[in-house]
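Report on one structure; see the data block that follows.
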């Protein structure tokens, strides 16, 4: 890790802690929303940016996580227990869903997850006895940790920050372990990775399940943030939005989804002055980013950085030419 | 009996239009590995070209339809290919997927903002006359929809199989590198595919709008159904998309009447998942072979 | 040299529709051998290779490695059994550094899946990996992205990766393809050295006759899916059948 | 649409000019300006704009100009919640919106926490049943109309078996539950209960089920486009039983979309521009002139909501959120004195509205009032 990187991380963490000070409730709410979507998008980044699989069910997994936590906490179970259940449930469902799809053919995961997302919506809406149907669940409590009550916006923000940092840390740990190398290898050249003893199907499945369980965690945070959940919040459109975060930010980059989530959550806010036209402008911006920098914004940044760096003299190039 | 017949006829009539959208989906996939998430909006838009032609420029219906046709081919076909697909193709599927999602949003919001947020009535090309057919009500419109959709798909199939250009397009779809070696102008063939998709979208739009009304958000449902139909039928076969579309149309109605109206949209989805697991190449599709 | 059969192929046949790409091929490879598999284009050598590696399902026939049948085994299973391979096309991980590429090539053989998650980030392989890149004289490129290496260097890296897990058998798919002469000499010398030092068995598919003749201890010639000649390099060179096959006779 | 943009521009120019020299009153309108609810939300919003411009032209509220900010929820309840928070942060003392009940049930919690009165277009029964002292309707909830419909079905039409076709969304769900409860209480049989999806295009199965159920009347609780598609399919399949609905079914838009298929459809409507009432007619004329299309109940709701804020605040005599909420509870406004409410209306102590209603029938492509029912 370079000094620059460490400095960046410290600045980022401090900025996270200072961000809400003096801000209105609305801004704090938006910041919470950004962190929660960052967690979900980081999960999808694992599936997409590292294991190279398209999942279109990230919203469904968020929904499952949110409903599990909402139902349990409303029944009086502590949030810590509920979040554990949310994460486990989404992990197991991810395994069960991914296994048959990945066994068949790799790009079929996209189709299966798309159908799964639509099915989850139907179940959430129709099974009224459990989920409250289309009217949703209202009045989800916010967690209390001893003397620390997250009912107010600011404490809830710090609670979200802690969850975010723990998740990001765990993710960074995993990516630095041999698993991370295996995920990268999977993305770069799955056939080669396979020939080096990597069980590609199993690793892809794991990436998908872990990515899904991160959506479960995001859902478990979103339920107490909004204090209301309804099936319509977890449709395919949200899955596509999360996909957008990952791609626009830069898939395969650790900070890509975090940047992407910031853009997707905040951009409509910044474009609001354009009145009714902001979605049109938003769509145009996405198109332009995709056309000019398919690797997303971080990919673009990296390209610029490389272009600006003075070329390092490499002796081996000459030697290589002779070899 | 009359009930079942009614379901079948209504289902086929809707299904024929789903099939048109699904065929376009399949064509783009074959020609350029493009999963077009804006396909639903592609079917939504031409109806508004017609309406705009009639209300803003005072064109008669036939002229408006003709204009809409040309506009669809140019905008949804050529411009889509040139401005969106082409620059992104070298970078793999993902950026293109996102781009088509954004494009769908752009089209939807533009119609809403510049035309109307509300549904619009759309003139029917065919008489609304209803006939009794063994106890089931069949409108002339239904029959005409079926006929036009079938005719379009059969014509397309014949074109692909019987003409030189069509065969060149198929060769391109199967393996662009080989096609190139055989002297096929691959770029042009891919372009043709996009033009055809634009034309099919226009046909579907003009057939469907008198019944479904023209609304900016119509593409959401339609796109999803076309997508499912294409996969269920077989992503690499035009026949497959036809069968898939008809099947989904009938199944949707059957499910609503006999299984559960609340879960009617679940049935095609479950079918999709089952198909992927037991017959991933789709009902009519041929196996793509194991990708090593 | 002791005779211990590492690879045994029996009656291997692979049909593509009416075309018999491989037709009843049988051969054995002994420990420490460097076997060359040659033949004109379309002779079936690539198909045979893919059948051995489990990437194509053979129409009939069996493959045994160290006396064990490997029917239905996937690529990673074979690798665990001690079979390394290189690829015809460049097959490195371009966005990973050279050392990372090599560690990747070895890590799946260290511990279990879970110890890999919680263990050291290099799986304890850094020094072994450094030795390996040193052996292939890529040491000065240790931290360069694999994708930025020259073609020949990537070929070397590909070979180094195949050796990293210490396989008993390595299948090399056209290692000389597209590599310039100087590099070729160097690659050959490294392969022979490795073979001597570790007793690793090689099976090499190759077009470049000079390379094969000077590298291999034994050569099998395929034509139209069948073995038409087998023997020491100098015998093959003189074999009329082989000459006919290559000249299209 | 161009005219709308133009109007918006001139409005903001006007407001900028005004704000330069006087204290202003801040009101926020949180509405569905994009997403699936855009059709309803934009009409509501136009109604609000019309009222606010009139109010400002007449000298504003308590002599102060109204500074109205508009927020687009994208028809997403979570966004709407955030925006209500934002509107309050930005100093709005009273809120207008939202139209979709799924949004209102969420964002009204925020308004409640901040003690800001909110005037909503939503009609889901649950909204006024949660004991929130800051929520006010602009039209009565679905549960209040249903007993009248049940009575109508039983006594006027004399049917015993009914079918219900409803949108399986938060909008349709509340109305459906309340309808079923009321007709059952009235002793009627629900023989077919057919939910449909949002944006559903193919209604043949729905109509077929109702046709074969032996129902003697069908209650249609769908959104505009879906209602039109249902009516068209009903005509095609020859479903010739009475078709009853709420305001949506006989609205201008449905008639426009369904064409002749809408003829004969009846509804129990709370707000309709077909009402033979000079104030309503005047409103409809102003609205059509400015926006280029004729308003529906959502436009009326927005107009009434904005005026209610003015009247309530002027009664209190100061800009005070708490006092405004207090005064509207139990308030009755007489349309002669307070023309902005269009029709006499009252609020009870939970913010529910009472107002007379109409039985409307579509005849020859026009909505006509066949009967005026007293408030309940």
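For reference, chains read A, B, C and D in written order, and residue numbers begin at 1 within each chain.
Just so we're on the same page, a residue touches a chain if its C-beta (ideal position, glycine included) is under 8 Å from a C-beta of that chain, and two chains touch if they have at least 3 such contacts.
Model, not experiment: these values are computed from the prediction.
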Chain whose Cα centroid lies at the greatest distance from that of chain B: C
Chain whose Cα mean lies nearest the overall Cα mean: A
Separation of mean Cα positions, chain D and chain B [Å, integer]: 36
Centre distance in Å when chain C and chain D are each reduced to the mean of their C-alpha atoms: 74
Computed distance of Cα centres, chain B from chain A, in Å: 32
Residues within chain D bordering two or more other chains: 34, 168
For chain B, residues contacting two or more additional chains: 109, 113, 262, 265, 292
Residues of chain A engaged with two or more neighbouring chains: 125, 191, 276, 279
Contact set on chain D toward chain A in their complex: 5, 8, 33-34, 70-72, 74, 76-78, 81-83, 85-86, 88-89, 101-102, 105-106, 109, 124, 126, 130, 168-170, 173-174
Complex interface listing, chain A residues touching chain D: 24-27, 29-30, 33, 125, 133-136, 138-139, 226-228, 230, 232-233, 268, 272, 275-276, 278-279
Chain B partner contacts - residues on chain D that touch it in the complex: 1, 34, 36, 38-39, 42, 168, 194-197, 199-202, 204-206, 208-209, 212, 224-225, 228-229, 232, 236-238, 253, 256-257, 259
Residues of chain C touching chain A in the complex: 53, 74-76, 79-80, 84-85, 87, 91-96, 100, 103-105, 107-110, 116-119, 121-123, 140-141, 144, 149-150, 152-153, 161, 164-165, 180, 182-183, 186
Chain A residues within the chain C interface of the complex: 174, 176-182, 184-185, 188-189, 191-200, 314-317, 320-323
